Structure formats: C-alpha cells, structure tokens
Amino acid sequence: MAMMTKEEYVSSLKGLDHRVFVLGEEIESVVDHPVSRPPAMAMAETYRQAELEETGTQFTTRSNITGDMINRFTHIQHSLEDLTKKIIMLREMGRKTARCFQRCAGLDCMNTLYAVTYDIDQAFGTPYHGRFVDFMEHIQSNDLVSAACMTDSKGDRGLSPSEQADKDQYVHIVEEKKGGIVVRGAKLHITGAVNSHELIVVPTRALSEKDRDYAVAFAIPAETDGVTYIYGRQPSDTRRLEESPSDVGNLYYGGCEAMVVFDDVFVPEERIFMKGEFSFAGPLVELFAAHHRASYGGCKVGVGDVLIGATAAIAEAQGTHRSAHVKDKLAEMVHLNETLHAGALASAGKGYKTASGAYAVDPLLANVCKLNVTRFPFDIARMAQDIAGGILVTMPSLKDRENPHIGPYVKKYLVGKDGVDSEKRIRILRLIENITLGTGAVSYMTESIHGAGSPQAQKIMITRLADLESAKAMAFHLCGI
Amino acid sequence: MAMMTKEEYVSSLKGLDHRVFVLGEEIESVVDHPVSRPPAMAMAETYRQAELEETGTQFTTRSNITGDMINRFTHIQHSLEDLTKKIIMLREMGRKTARCFQRCAGLDCMNTLYAVTYDIDQAFGTPYHGRFVDFMEHIQSNDLVSAACMTDSKGDRGLSPSEQADKDQYVHIVEEKKGGIVVRGAKLHITGAVNSHELIVVPTRALSEKDRDYAVAFAIPAETDGVTYIYGRQPSDTRRLEESPSDVGNLYYGGCEAMVVFDDVFVPEERIFMKGEFSFAGPLVELFAAHHRASYGGCKVGVGDVLIGATAAIAEAQGTHRSAHVKDKLAEMVHLNETLHAGALASAGKGYKTASGAYAVDPLLANVCKLNVTRFPFDIARMAQDIAGGILVTMPSLKDRENPHIGPYVKKYLVGKDGVDSEKRIRILRLIENITLGTGAVSYMTESIHGAGSPQAQKIMITRLADLESAKAMAFHLCGI
Amino acid sequence: MAMMTKEEYVSSLKGLDHRVFVLGEEIESVVDHPVSRPPAMAMAETYRQAELEETGTQFTTRSNITGDMINRFTHIQHSLEDLTKKIIMLREMGRKTARCFQRCAGLDCMNTLYAVTYDIDQAFGTPYHGRFVDFMEHIQSNDLVSAACMTDSKGDRGLSPSEQADKDQYVHIVEEKKGGIVVRGAKLHITGAVNSHELIVVPTRALSEKDRDYAVAFAIPAETDGVTYIYGRQPSDTRRLEESPSDVGNLYYGGCEAMVVFDDVFVPEERIFMKGEFSFAGPLVELFAAHHRASYGGCKVGVGDVLIGATAAIAEAQGTHRSAHVKDKLAEMVHLNETLHAGALASAGKGYKTASGAYAVDPLLANVCKLNVTRFPFDIARMAQDIAGGILVTMPSLKDRENPHIGPYVKKYLVGKDGVDSEKRIRILRLIENITLGTGAVSYMTESIHGAGSPQAQKIMITRLADLESAKAMAFHLCGI
Amino acid sequence: MAMMTKEEYVSSLKGLDHRVFVLGEEIESVVDHPVSRPPAMAMAETYRQAELEETGTQFTTRSNITGDMINRFTHIQHSLEDLTKKIIMLREMGRKTARCFQRCAGLDCMNTLYAVTYDIDQAFGTPYHGRFVDFMEHIQSNDLVSAACMTDSKGDRGLSPSEQADKDQYVHIVEEKKGGIVVRGAKLHITGAVNSHELIVVPTRALSEKDRDYAVAFAIPAETDGVTYIYGRQPSDTRRLEESPSDVGNLYYGGCEAMVVFDDVFVPEERIFMKGEFSFAGPLVELFAAHHRASYGGCKVGVGDVLIGATAAIAEAQGTHRSAHVKDKLAEMVHLNETLHAGALASAGKGYKTASGAYAVDPLLANVCKLNVTRFPFDIARMAQDIAGGILVTMPSLKDRENPHIGPYVKKYLVGKDGVDSEKRIRILRLIENITLGTGAVSYMTESIHGAGSPQAQKIMITRLADLESAKAMAFHLCGI
C-alpha cells in the first residue's frame, strides 16, 4: 500500500464513526465542524508535506519493517541520522502550521514500544514485540495516525493507582476474557485524539507489584465501542464560529487535545503489548519522555520561527524595526529559539542504540532541552508582545473595519508605515495574538510547560541522570583531598 | 452634591448617549451588552468600595478643592500619604476585580494637569489652572469618571506630528472658532473610555514649535458630537455571549479599551487647558508617565494577588500543595509580586511637592517600578500555569459537564483531591486561564508591558534620571584618580 | 559626652587590647596591619561623615535615651522617618566606601534587643530592657561600635543546639556564677568584629525548651578575656601587602569578617539580656533579620552606585559609551540597583511601632528586598565586566607600567580613547575587578547572598508572611465558588 | 617524529628563550616561577592525556597531513565526527584542570587558516595554503603548541586601523624586506602565549582597502627577536607565592593570558599566510569566531562540572544536601551547564565542509552557544556560592588552622557533618572560591563573557545569520497576507 494523500486522510476522518463531543454537543465529523476542523488540517499537513517535491524526501523514508517508502511520522528510527531528521522535520511542521500538529506523540510512543516490548520479551519470554511489529506494519502500510494515550486522570496524586479510592483514576484491566481484556479509565490531554485512526494506550508512571492491573499497554482503533472523546476548550476557540471568522489569526491550522474515556473497552489479545509486567512501566515512561522531550526542541522551535517572523513583520509594518532595542529583542528571540533547537539536536547527536535496534536520544540532554522549552517561549512571547505594541489587545475586530460607518476610521487610523494597509497590520497582529494569547497559546505556551511532562519531572530526571559522583571526584583531586 | 452609589453610576452609564461600536455593530448601552457590561461593573466597583464600611475610609478623602468628602479616584494628591494611599487603594481594587478597573488613568491625568496647568500659567500668564480647578470641582462634586485620552494613532513613528503625511495621525486643532476650537484625530487604547462621563485629551509626546497645533489639552463630555468609540476586541471575549457563559472565568468583571475618534469635535474655551504651549507637552507626558507607572505597582499587584490565590487554591484542590517545588514557586510568585508593589510604594514615599501644591511620585523609582511590571507578570503567569497543570488548556467546557451523556465522565475523572468537586476545580482553572490567556490577560500581561508606556520608554527615562556623574565621581575618588 | 571624631575612633582601636590573628599570625593593632587597616578605615568613615557639614545632619540625630545628639549608627529608631533615614544613610556609606562598612549589623541588633527585651520583660517580669537601655546609654554617650555576634558554627545543621555531639557548636552557658555567667562557643562571619568596642551576642535560631542554655543574649567589651578573633581571608587580600600596592583597586577601604571564639568567657549580670527565655529566640532572630535584610537595600545599593559609576567611566575611557547595547546595559544596571533600594524604602515606609516604642520595618517587604539582593548584584557584576572588557582580567600589574623596559609598551598600548592615560584606565578597571572579583566581591557578591540570612531563609519567611488565605478567598469569589 | 610526553613539553618550555615579565619583573622560566607554573601545567595536561590509556584515543587521531598519529589539539578537523570529538575533548580537559588549559585558541586558529588560506589562494592565486600546510606539518610532527594572537590593542574603537592616531594600535606591516616583512603592534589577552612554541598572528576585524597593511597573517617562533610578553595579573594570583600556598584552591593548574608586543619583528616569507588580501580578514575572523565560540561549550562545561562537583561535595560536608532547595539548585546548575554543552554539540552536528576540505561548525548555533556561555556561569557561580555558604569568604586561612594557638579552634568549630575534617571542608571551599572569585574566575567568569568575542559580537552575528525573511513569509502565509 502507499502513503495517503492529504485528501485521502481528510476523507478517512470523515469516515470515522467515533463519539466526539465539542462544547457540550456531539458532533458528526471533526473535519466539518468549524472548531475542530483546523486541528485536523494541521494533522493533514503531515501528509501534504510528504507529497510535495521540496519537502518529500525530508518527510519520507524507507521502512525497516515493510521495506517500503513511508511517511517519517510512522518510522522506527534506526540511526543517529534518523533521530536528527525527525527533529528537523518537526521544526519544519511547526513552521508550516504555527501549531501542535499532533502526530509526534504517537510517533514517539511507537518508537518507545518498539524498544520496550523487545526488552519485556527478553525478560519474560512474552510475545509483545512481534505483535507490535505487526501493528507497525499495519500503521506504516496504511499510513495511519496513532494517538498516544498516556496521562491518566490520576485522582489523588499522593496515592499510587491501586491505592485510589476510585480505582478507575488510572486505566486498568477490569476483566480478562477469552481473546482479550476489558479496560476502564480515562486519559487526559490526548493530543490529536479525535484526528487519529488508532489509539495507543500506555501507563503514565512507574508501577509496583500491587499496581499489576494498571501495567497495561495496547492499541485499538479509534472507533472502538466504549470510547468517548471530549474535546478540550481553548482560549478564543469560538472565533472560528463567527460569521466572518477573520479574527482567528491563524487562518488554517489548530491544535487540539481531548479527554478520552474508556468505558469497559475490549482489547483483543493481538493488540496487547504489556499486561502485568509492572517493572517495565517506569522504563517505558522514561523512554517515551526522552523521545518526546527532544521532540519539543523541534516543533516549538518551528512555532517560534513563525512568531519571530510575525514580530519582525509587525516591526516593519509599524516602522520600529530600525530601533536598537527592537533589533536586540529580535536577536534575543532568535537566540532563545535556537537554544531550544540545540538541545534537541544535541540529544539526537548523542543518541544510542537500544537492544531492539531502534535508536533513542540521550536522555539527559532531552530533559535539558525540554526544561528550557518550559521557560523560553514565555520570554519570546513577552518580547513579541513588546514589539507588537498595546494595539495587539486593544485593536478593533476586523468586523469593525468592514462596517461602513466606522470602517473608514479603522482604515485611516490603523494604517502602518509607508501606507501599509490596516488589514495587513491587523492580520499580523491577530497572528501574534493567536500564538501568545489565543488558541495557539495552548500549543506554544501552556503545552510548552506541560507537554511531555512538567518542569519538575525534568528536574527530577536531570538529578538522576547527572553524574555528580565523577564531578565530585574531580573536585576532590584538584583541591588535594 | 454627594458621591454616587454603584447603582447611580450604572444608571448614569445607561443614560449616556454616546456612539459605541462593539464587534462591528453599534450598541445601545454598554451596561446592557454582555461583552461590555463586565468592564462597566469593574468601574462600578470603585463606587461600591467607597460605600462599604470596611473600605470606605480608604476609598474616600476630603477634597482640597470642594472641602467635601470625595471618592479618592477624583482626588488631587496633596501629601506623601495621599500618594501612598492611592497605591494601596489600587491594589485593593485589583484584588477585588482581577482586572483593569479603568479609573486610574483619568485620576493620574487629572493630577498631572493640575500641576502642569499651574506651570504653564506661571510661564505664560494663561488662565488654564483656574479652568482646570473648575473642571475638577465638576468632577468631584458629581463623582464622575474621566478617561485619559493620550496615545495617538501616530502614523509613521519616525516623524513628528506635523511631519506626517496624514496630519490627523495626532489629535490637533483644525479650526479656531469663536468660543472654542475644533479638533480632529484618534486616540488609541483608551482605557475605560466607554464607561466614562468625561474625556480628557492630552498630547502623547514632547512637541516642538512646528507642532504647535498639536499642543492641545482639553476635556469634553463623553457624549459630545463627533466622538465615536470603537471597542477593542479581547481574547475569549465572546465567551460572555454564550448561552450559559460559565466558562468566562471571572464571573463579574472585565476591562476594556477603545479607539476614540474625534471627527471635527468642538471644544469650548473654558474646557481648554493647553493651546499651543508646545514646550509643556514633554513635561506633561513625563509627569503623567511617572504617576501612571507608579499606579501599575498597585493595580497589577492586586491582580497578581488573585492569580496567586487561585494558584494556591488549585494546588490544594489537586493535592500538590505540599510539594517543595510548588511551595517554592508560590513563594517566588509572592516575591515578584511584592517587588512590584515595593517599587510603587517607594516612589510614593520619595515623592515631592510640585509648584502647584499637588504631590508627585519620584520619577526614577516610578519608572523602575513599571519596568519590573513589564516583566514579572509573565513569570508569575508561567508559574501559575506550571502549578495549574496542562488541564488548564485541555479541559472540557463546563457545558460538557452539564451534558447528560458525558457529564458523569467529567465529574468522575476531573474530581480533585479529597473529593473536591470537578466544578470547583474547573472554575478555579478557568479563572487562571482568564488571567493568563483570556480577557484578563489583556490587563495582566500585555497591558503590563505597554500601559503607561512600553519598556523602552522606561529605559530611556531611567537613563535620563540616573545620576551617573556623581557615581563616576565616587568611583574616581576610590581608585585614586 | 560627645561623638568621637574619626581620629579618636582610630586611636581607640589602637588602644584595644584584643587577641586578633590575621593569616596565621597574631597582630598588634588592626589599624597598623596593612591587611586589616582598610576595613577599620571604612568603619572610621561612619565617624567622619557625622563630622562633615554636608552629611552631618544625615548621620546624626537626637537620642531618645540620652537626649543628646548622637551618631545615627547608635540610634534606636522611633519613627517611620527614622527607618527611612537609616536606609538612605547606609546607601550613602556604600557610595563612600564601596564596601561593607560594618556598623549596621550592630545597629540592627541594638534595635532588635531594644524591642525584644521589652517583650521578654512583659512576659516574664525580667529586668532586661532596663539593662539594655543602660547599655545603649553607654554606647551612645561614648559613640562606640558594637558588633552583632549571631551566627554560630552550627555543627550538624540537621540537629538542634542541644542535640549536637559537640555541645559547643552553639554559644551557650556552661556555668552560672555569682554575678554572672560563663559562656562557650564560636560565632562565625562576624562583620567588623575586630573594629568594634563591644560585642553583642544573640542566638542564631529559634529554640525549644531543651535548648534553654542556648537562649542567651549579652554584651561584653571586645577585650574581654577568653575572646579570640580569627580574621577571615579574602580574595586578593595580600595585594595590600605588596611593596607598591597600586593594584588594590579600592585605595582606602575594606570590609572584614572574623570568627570570634568564646572560650569560657565571663559575662556580668548587668550585661545579660536574655537567659533561658527560649521562646523569644525565634522572635529575636526574625526581628533582627527584618531590620538587617532591609539594610541590604541601602548599603549594597551604594556599592552598586560605585560599580555603575566605574562602569560608565570605563566605557567612556574606552570609547564605547555611545553604543546602544552599552547604554542599555547601564540603564539595566541602574534599574536593578534601584529595585533593590525600592524594596528597602518600601519596607521602611510600611514599618510599624513595636510595643517598646521602637519602630521596625515591614517584614515581608524586608525579606523581598533581601531576596532580590541575593540575585541582582551578580547580574550587575556581569554587566560591569561585560562593559569593562576582557582587559579586566588580562591586564598587566601597575608594576609593569612602572618598569622601565616594558612600561612604555603598557603606556602605549593600554591608552584609552582621546588620550586617556593608561594609568587612569587601569585604575578604574582595578576598582571593577576589586568589587566583582577581589576583596570587594566579598561584600558585594557573596555577602549579598548570605549576609542577613541566605536566600532560602527569605523564601521561608515570605511563605510565612504571605497572606494566601485572603488571596484564595478573592479568587473563589471571582470564579463563583 | 612522535608526540611529546608531558615531561618533554615541560622541558621544551624551560628551554625557551623568550622575554617574559611577571608582576613587573623579567623571569627566567615560566615553569619555574610559582605564579606562571600552574598555567604551564594545565597546558602540559593536554600532553599527558594523550599518553594515558583511558583518554589516549580521545586525545589523539591520525593526521590527514602527515598520516601519523597526532595530538588532537593539532588536528585539522575533517568530518562532523572530528568536530564533535573536539568538543568532548575540551570538556574533558576542563574537568581535569578546572581552568583554561590554553591550547584550543591555537587549534581553532589553525583550522581557520587552513580553510581561509585555501580560499585566498582560490581568489588570488597566492601560495598561502601550501605554506600553511607546511607549517601544520611542522606543528604536528613536533607536537607543538601555537598561540592564536588575534585581539589588537585597538586604540579608539570608533576608528578603523588606518584611521588611528597611533598607527600601531593594530599589528601591521611597517616594512617589506627581501625575504619577509617587519611588523609592529601589540596583541592583548593572548591565552597561553608564554606556554607556546609558536605564535600565529591574524587580524582581529574586517578590513577595508585602506587598511591593507593590517591585513596580515603569519606564524613565528615564540622566541623571535622583538617579541615581549607581559603576563596578565589575576585575582589572588600571589597566593601561589605564599610560603605555604595551601589557600590556592586549585593545587595544580592555572590559566594565563599575556600582552604580546611585536616591536619591529621580522617574519620570513614562508611563514606569511595573508598579506594585503583585506577582503578575507572578515571571513577569517568570523570562521575563527565560530570555531572558538563552539569550543566554549566544551571547556567551560568541564570547569562547570568541577564547580558542580565541588558544590555537591560541600553540601554533603555541611549536611545540607538533602534540602529540597539545595537539590533543586544542583539540578539547575547541571541543567544550565548541559545547555551550554548542547549548543556546542549541536553546532558540531550541524557542521559543514569548507572548500578546503576542513570542516567547520554551524555558525548560528556556535554563536548561540557562546551567548549562553556569557550568561550561565554567573548563575552557576551564584548558586555554588549560595550552597557553599558565607563561610566561603569569611573562613580563616589554612595557615590559621596550622597555628598552634588557634588551630584547635579552627578544627573544632569548622568541622563538618559527621566529623568531616575541617581541612577537607576548607579545601573544597577554597576550590569554589578559586573558580568563582579567584584565579579560576578569570577563566570561568570574565573569560566566559569576553573570550572568543563579547556578547554583543554574538548578538550581531545571530542577527546576521538568522533567516527572518523565510520566517516572515511563513507568518504572512498563515495570517492570509
């Protein structure tokens, strides 16, 4: 089979029969609802880039499983070069969409399971790796999107899964049946869930023996019975519902997360990749975290590129681009953005080969990368708003510009330097607003903090991965102890 | 006459016959339109606090003009204590509304004109100060709100007002008539404009002789012919239009700015406070800036209090409040917030008496205060989002919680620690979203950068006000030069 | 009796018969040893300023105890104005000496004991306050310096004083005798100890009942038997010993700390101000901390002034002062420095009257002030070094400039812009080196972190003093809970 | 010929007959003078590491010029792997010495000239590249150290070299002779100059036609007539001269810079690599800057490792290592340190092949790396001092500990947790003092700002290298312009 085109992907979403609620109402098709369409179109862009001549080679590669050319978003990385190319592809996608395009969590999760199922099989003689390779063949051959479902609702964070008053606060096995298992629980913040063909479910934390029923990993089709999707609300999301949605800022793309509820869902045996091997939950989470934290030094950097570009553009439109402080702030924005990218590239460059043959990034540098991602976008956003000016949040709607009575005022008084049309000026400003305060801020700001794990999670990993013992030994030697 | 009650103020707004456009349509009454009502209610709170027993003494004082008790928001400060009490009152209002309550720009502008009209008269024998005192008597006796209209549309920022291709890019006198003048232009970002009874118009920058027609200051009733208000759009502003507007975050209050167009507006002589005395435009701008930059160390700190409170509350609701890193971040948020307040208090404590008898804050410290305000709210917001968790931007609408099919899922899986109801948890999160990404972010984030002048304006003033010469002399002495 | 002149103070130090060790050897007189003389001269400057016409009124005030005019460094503050004037005096001293001038820890400790002895007496009917007032009369009448001895050696920080393996790790009563007590232990980091006439010893932490013997406060003359001073070593301290000490940077002044050992020292009853009232140890420490943390927003700001002045001077000497980035960094340095000052001024302006009648600063703002002091000097120092250039640490000694063979090279190639003499250039650079990397860095950098308590101590106090409950209540109200 | 051993290198330095002045006096041998010996020993460590079994393969490689195994510090990098291995080697050296070991500026300069001489020859048909390859064969075969002499004394920074009043403020050709040229001028801040066998001299800035005489690059033996070295003074440098130099902190190693004066020095034709090709001065400077800025993400990170190790060690010795804030600060120090390393690794990973065949790092990422290096060490140093405690700058000399009278006090009261000996505690503290305030701070702090170019130089390069045009295009597309 071949890779899907963008159009085929969009059709495939229309064809999905899954239960999705948006703003309190069930919807028919995610690509036909104005709120959920832009996120689907961001995902669709991962297909289109693979089609294009100029980016196609970057977005495709030969599968080590099927031997066919596949979309790189479905590829198991098998070299340091693969790791680096993924980071660069993610930046490119960030530049194209200025948004979370939702396909990398699944990619990182597949790379994780490829390695971890191998390790589990080595330890316990289980058949998971082979099953998972079969699953990958299905994904690659059909060019499907799979969503990574990791974060549980968690209940009381001070208690382990099995200690919760409500046992369903973590997804778990409620019944073993012939040919499969039945699971229950809810996964939160699931990126791209409603735009995916398959859901991959994995544990969200290290587990101990008494949490055995929670040590479960599997994949199911998105339409599986018992699965419900509740779409997450975003700032300014309903601008897309307005009659003339000119104030949306980013005209084409969105990002989305959903709460995914598993209400006694059946999982067939061939789709189970972990069942009770609790000691591998921790390693799975850490490997996924490393992969995904490095990813953030790709995608967010691409969004940063767009924000920097918009900021440079508004400075020119408003005639402030030659001020020393504006130039200095733009250089600082670039500096911070590239520092994020450097973290990801370095983690790829220092990657290693896992026992399965798949490659993984250096975990210390991946965590360092992500910890910077939790910080710098706020600084970059602050500087973007600084250069944009207060008009960013006080300007009229583009609807006012279209009004016959006051439109002329808007056109006259919001004109830019050298006759830059007020519409152009407002559109750039709306894009900056979108990324720093609107639907795009979900991707660029809050998600930069929490996606792939919160800052404290990175601090903990950095503490564990830092080699303080050898550093102390050096210090002792130098001062004569 | 007495101070107005909150209800009288709201009635007075209903009675206003001014031309206001919101989202492309003219509206009847700002207090009856769901988008513009919350800002009016924030302003109304300045009246209510003066009525209340517990805050009344803080919000009222005796006028040195009328001799009557007046709302402190109309007071000309006449002592260091007055300066300090204003800052504390602004913080209190910030705490009460979590928003820009819009009445301090007018207050700061009145204090500025009181001093500057006196100085102009001393220099030129003009009658402005007496006129302005009459105006103040009107304001104080009727307990009116006046909006400060300062920032012009500016056209090409590299050119002075008189050099612009379109001469109207700064408000200017287009005609002198018997008994008054006619003015044209537009003022942007005018805080509380649509909720005010009077508009005070002043220049926005230092002017030279050729800009004489732009050296104009005056006050006119909000309903004056030729004045049009175009309401500024904000992130998530239309959540207030939703059927069940439970996702607004801040249930009661809003802030607002408008573009105010002066299309050949007549100003009677007795309301003119500057006409051609261009050399006083610079001092006026600087004095207003000092007053207003100090104000930001009051109001924004109050909003910061609410954000810190909401963050502490969500940490408890989610059971993370005992983590060392959460406690450390909360302490850091308090630290940054109080640093902002310290700047304002210090500028008040080191204030000075102007020639007019009115007091003004220390300009260096006021600029230092504001420069910190342009930075710390972004850090505080980042830490608030860090503690809140990713759920801040991925959670369902409260409408989903009310839906009979999925409401049970929302209630079950978004429950907080120790049975904290999901509604409570969501409501706190929506408030944090409001302040850091929604309508409140206009006040707390972008406006903290640009209100009262952008960071570079503060840097320039700090450079001018710093006494480097005496510092160099000290250094030379100590190293033996 | 009258205030001492600078000369009288220096003579009084020569007359002191105390046991002082510097760099491994006992010395005769602190003012005659080249390493310890500059700190004594910094202290002496507190006397000289009181003599001078231009600063005399600022440095003197009328005592509420003796009724005479006294040096403000011995004054018990009795008004908000007193609190503010102290801060301003400390900044002035910082500007004069670019160093820790060592007289404010004693001042802050005296103000603390004045209030706390009153409170103890109220609680227990003890006679401490009267004794302390007598002591103050002695200090004020003779214009003496008293050193505050607070920080103990502490042993294992995880254990309380009475739990230590070596009981002497905190100063404690080892014997009660007729007419007094005998104490043992060591106090570390004692600022100005070797330049003081009296030592005031107080506990360093909150104590519980089992630590009763450690709850001891007293004052003894510096020469008391059993007291030994071990002078602290500083970076580049021995440049003062060089034949031609032209590379010292700061030609006149130094700062110093010493370890003070109390080896079975007798304290007469009339000099005991706390003996066993362990519950007041905590309040004493906190009150001292508040006073002293605010002080840092005075003295360090003055040192900052000198560093900023030196930096502006070297930029001019090297011809870089017109670069936009240099101007921006200088403005930033001023901004940070004034932010520190604002914290201290605000804490004074929001001060309060204690039960004793003495005034104290607002503790929350004092801690906020100090926490900024632990951070900004490193940023200011970094920017100073940035503007100074690498020559700061690679330039030859002034001795090389005097060498007949290579002096001409140094003069030719280190000349500044417009013929600024190389000696002038080098001297300014040496001053910057002194403050950021030499003896002055002890005062300006490390001591800014640790003096008056380390950053974490401030974080803890900020957490305790922050009113999160009322902030939460505001938040709940606004989101409808 | 073979690589030198450490001992052979030290002997070779003894044999050098060059004119070196230290602290105003000419010295005989840099390895026999206590002030200049430690820097020589740091350099010597680059030889020793190549000898050792565990690091030998990392420090040696096969030359593409001679075909022999050589020390990597003399290697022309010919692959991406070479670029990365260099960075890792530099970090290792930083860990071993906690200091600038002085051999990488020469290495980076050789790699630069290899590429630039090739380009000049291509443009002008000159014979420079062949000459330079011969020079490299000499360096590699004899395993020599070459110092890069770049920064001129510069005079008035606002003027170009040829516009200076004193034409010698930039090194230039003063005479052309048969078989060579005569040059005059002075190079400042020359790292390792006195420990080198050869001096490589290159221009320090872009040049224009009228600066033709300043467009000169060459190499000469360190002992050449007319060359004088004036050793740079460092904080606490004379602790090495003390009788019992136990307070030096770093017992073995130092770093050093010198001013190198060229007083009519003859350069033979075969050692000239640029003569008048002014248009290549700019590219040469930029290529060197890129190489050397990336190097800082190696060496300084190694020093950071030692500082972090010492800080972790002192926390344990003092019993504070389990405090949450101490653990958090250590993690933050590691995070910042690794962020620096990531920048260097990324610039190597994204390197490119020059026309000469040699490889160069990505210039944007190299500048980004270095800009972070100008900032983070100050933060790391602040945290190190925070954890070390005030004792860092108030503790007695180790001489006091040896004194029979007070030694027992020092031993008793400076004991660490669980009986950690006071000497061990003091030694660790002295190492931290050394790196943050002593001779080591020259390398770790000031040099991190200025070495390889000051922060503003990086900002300028980042501005030039950033691709804002494509970023703007993305932004325009997304907002519909």
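Order of writing sets the labels: A, B, C and D. Residues in every chain begin at 1.
Basically, a residue touches a chain if its C-beta (ideal position, glycine included) is under 8 Å from a C-beta of that chain, and two chains touch if they have at least 3 such contacts.
From a predicted model like this one, the values you see are computed outputs, not experimental measurements.
Taking the definition of touch as given, a chain qualifies here only if it contacts chain C and chain D alike; those chains are A, B. Here the C-alpha atoms of chain B line up with those of chain C after a rotation of 180°, rounded in steps of 5.
The interface with the greater count of contacting C-beta pairs, when B-D is set against A-B, is A-B. The distance from the centre of chain A to the centre of chain D, with each centre set as the mean of the Cα atoms, comes to 41 Å. Computed centre separation for the pair chain B/chain D is 52 angstrom, with centres defined by C-alpha atoms. In this assembly, the C-alpha centroid of chain A lies 38 Å from the C-alpha centroid of chain B.
The multi-chain contact residues of chain D, meaning those touching 2 or more other chains, are 325, 328, 459.
Chain contact topology: the protein chains form a complete graph, every chain touching every other one. Note for the complex: chain A touches chain D at residues 84, 95-98, 249-253, 305-310, 312-313, 327-328, 330-332, 334-335, 338-339, 341-343, 345-350, 364-365, 368-369, 371-372, 424, 427-428, 430-431, 458-460, 462-463, 466, 468, 470-476, 478-481.
By the touch criterion stated above, chain D contacts chain B in their complex at residues 324-325, 328. Of all residues in chain A, only 21, 23-26, 151, 153, 155-158, 166, 168-169, 186, 188-189, 228, 230-236, 238-239, 242, 247, 257-259, 261, 263, 318-320, 323, 325, 374-375, 378-379, 381-382, 385-386, 389-397, 399-400, 402-403, 405-406, 409-410, 412-415, 417-418, 433, 437-438, 441-442, 445-447, 449-451, 454-456, 459 touch chain B in the complex they form.
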